[in-house]
Amino acid sequence: MALDKTGIAKRIAQELRDGWYVNLGIGIPTLVANYIPEGIDVEFQSENGILGMGPFPFEGEEDPDLINAGKQTITVRNGASFFDSATSFAMIRGQHVQLTVLGAMEVSQNGDIANWKIPGKMVKGMGGAMDLVASAENIIVAMMHSNKAGESKILKACTLPLTGVGCVKKVVTELAVLEIKDGKFHLIERAPGVSVEEIISKTEGDLVVPDVVPEMQL
Amino acid sequence: MNKVVKDVEQALEGIQDGMTLMVGGFGLCGIPENSIAHLVKMGVKNLTCISNNAGVDDFGLGLLLQAKQVKKMISSYVGENDEFERQMLSGELEVELIPQGSLAERCRAGGAGIPAFFTPAGYGTEVAEGKEVRVFNGKPHILEAALTADYAIVKAWKGDTEGNLVFKATARNFNPMMAMAGKITIAEVEELVPAGSLDPNFIHTPGIFVQRIFQGDSFEKRIEQRTVRSKN
Amino acid sequence: MNKVVKDVEQALEGIQDGMTLMVGGFGLCGIPENSIAHLVKMGVKNLTCISNNAGVDDFGLGLLLQAKQVKKMISSYVGENDEFERQMLSGELEVELIPQGSLAERCRAGGAGIPAFFTPAGYGTEVAEGKEVRVFNGKPHILEAALTADYAIVKAWKGDTEGNLVFKATARNFNPMMAMAGKITIAEVEELVPAGSLDPNFIHTPGIFVQRIFQGDSFEKRIEQRTVRSKN
Amino acid sequence: MALDKTGIAKRIAQELRDGWYVNLGIGIPTLVANYIPEGIDVEFQSENGILGMGPFPFEGEEDPDLINAGKQTITVRNGASFFDSATSFAMIRGQHVQLTVLGAMEVSQNGDIANWKIPGKMVKGMGGAMDLVASAENIIVAMMHSNKAGESKILKACTLPLTGVGCVKKVVTELAVLEIKDGKFHLIERAPGVSVEEIISKTEGDLVVPDVVPEMQL
């Protein structure tokens, strides 16, 4: 069965490594913070200027001066720090953040990503996404395999304006974990109960399928 | 060196039609509310506003957009604002979208006398169009230019009479870099204290970057996305 | 994320002959004394040291120079050190002199993922030789490249177990930028406190830039130019 | 009579304007802080990371963590701030400092300055001087008219390695105040009792001498 958003977040959480600083984008990526594997110590960076983000505040304890990049009220953990936007992106551009998880509208088999603009329709801006994808050594895209019209978002080439080129290494969807290597998608894992055929049929880009495709262990 | 002005009216004196303003804040967090409200009252028009976001329909820079005072917005993210989207798609409003890190660094550069720098952000995208590309360590980068403004309007938690500023939590965001990049920088603070009250080890924005400072009359500090968890 | 190491020996583990080190401090102010002393003990050789100054004959980086452990110094000002001048004029020591502001900005750039930037400093001088010149706003600038180091060794006043640092007065100087630019950054602090003890609003160097932290055994904090006035 | 160092500092202090941030170099420039005209509020910046420098500390109150760019122990005034070296030079390069006063070995009539190196002899480094002279809109050089060998330091062209080109606007020596304009030195004032002839004889560079040269008022 295809994963729900929580399932995608849980699978991505398995990619976390002890000691990493991690930037989580808005949407599914934010949920990853809820499923940190035991024994793993990671610290969350939010590009509006905080390291050491904690959970949402208790009702009545919201502080308008303390938000994340999704403008949500948050709290801080012991050892947190606040800094200005230039320092925040110094961390990101300078590759001090080990992992970036973000959503996408399209990903191509050479690692291009599009997630900020639909010409003539939706122009909200790229926010910090272009800096994040251009700089991070390790980018995981969390997204649905297809769009609402049922078209694959895992493409030979992106059709929407790009956010970054050749930067995505891994994609986790409700159906599969894909790695991008040598200009192709590689099927690494499938969601529990999802057939390889379904993944092939819903993937427009070139897909390398090994003989055995293990199921995700969630 | 006393930088204190009486009120918001005196603080914004000199801002005229057609000027470029930097306005601090991220979303509605850390925005100079009192100054924005007064800009609406002043009615200055054809402004170019450099600000990470454009507020919401009825708060923050959204108020200037509603009043059609803005000719051009330079921002990284302008969602959450229907009037903005309407004016942009209809062509009434000119919009330049800049990656958030490049926006922050371009403001800092403007204040720091660095006319241009290379960054990887935006390479291979619309953002790179017309910009010089150069490869460093095997990776392509684009050349980005400094940004400055006729006036920078920032909001701080505390400030002293010499213009030294301290910000609270994530309300810091773009305020320090914009303070550096304004030809004239106006700081609106929640609490104005005498020189010597702030620990010189912990000043976020040294007073040299601030030309005028005043204590705001009232701060609504609206929350854009109230997210909470229950107590059990 | 605990960054604490037991002592200076563990902190400097991995530093080898021929490496590039950044060392914080301005004159003898804010230098990592304990680490420098241990570098002498380790006897690592052929080092390239990036540091604003070179210490005095018998303190600071002067100790590494005395022991002939330094192949090359990258600094802005190297007066106050006879042994240094002797080694330099005799050709034993390679020296690259960089304008102080460019040195600071090049370290920051190295830590911030900015591979190069334009600055007016040094245009028309020896410093500009071989560097690209470009005119912005009618003024010539030269292109300067980022600096990074295998290890950056900085000294802070207080630090917590997560590597967050706070500096005192003018002992801050180059330490924050060098902390950003080290592939591995080692912080030597006067006082090591538990995470949560430092106010997150007033952290000078966020822990993300620091890989190892330890409390120094002793700090001499020698004064280079003792200047005083009399009490009446 | 020719001025002493104190006299030069006093004359330069007359150039201060209310509200200016000022960077004083090592040597004579440092003395300027002692002669701020009444009613004038200026703030001193030192490039090692302080705004709002106060006088030297009382004996026994020296703080090794609190020095100026000359490595001298100092104190702070109310409203002072400390910052890192990158921020310090952001202030300087970004022209937030209104006046720079520094010493020199040579100044030329097109405003070039040399003050950091004597090849093969003295190589201490430029410190912050190159950043200061390249950026400041307003630079005053404080120096002796001649070197120890009696040779003029006010030259047609510098012979030593340059610190900056075309940047010096004004020079104050023990003999005179000179302005640099249109590629020439202009004699503005002479030290009390010093003759125009003496200044002419000790100036190697082209010197424009008006009919009347007022004496400095100290």
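Every chain is named by a letter (A, B, C and D) in the order it is written, and numbering of its residues begins at 1.
The rule we apply is simple: a contact is a pair of C-beta atoms (placed from the backbone, for glycine too) under 8 Å apart; a residue touches a chain by one contact, two chains touch by 3 or more.
Model, not experiment: these values are computed from the prediction.
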Quick note, more Cb pairs in contact for A-C or C-D? It is C-D
Separation of mean Cα positions, chain C and chain A [Å, integer]: 36
Using mean CA coordinates as chain centres, what's the chain B-chain C distance in Å? 33
Whole-angstrom distance, CA centroid of chain C to CA centroid of chain D, is 28
State, to the nearest whole Å, the distance from the C-alpha centre of chain A to the C-alpha centre of chain D. 55
Two or more other chains touching the same residue: where does that happen in chain D? 50, 76, 82-83, 86, 89, 92-93, 135
Residues of chain C that touch two or more other chains sit at 105, 108, 112-114, 119-120, 167-169, 200-201
Classify the chain contact graph as line, ring, star, complete or other. other
Dump the list of chain pairs that touch, please. A-B, A-C, B-C, B-D, C-D
In their complex, what parts of chain B are in touch with chain D? 1-2, 108, 110-114, 160-162, 164, 180, 194-196, 200-201, 203, 206-209
Quick one: which bits of chain B touch chain C in the complex? Just the residue numbers, please. 105, 109, 112-120, 134, 136-137, 141, 166-169, 200-202
Which part of chain D faces chain B closely enough to touch in the complex? 19, 21, 41-43, 45, 50-52, 76, 78-83, 86-87, 89-97, 135
Show me the residue ranges of chain C that touch chain D in the complex, using the header's touch definition. 26-30, 52, 75-80, 85, 88-89, 95, 97, 99-105, 107-108, 119-127, 157, 167-177, 204, 221-231
Applying the document's contact rule, which stretches of chain A touch chain B when the two form their complex? 46-50, 55-74, 76, 82-86, 88-89, 92-93, 112, 117, 120, 123-131, 134-135, 161-166
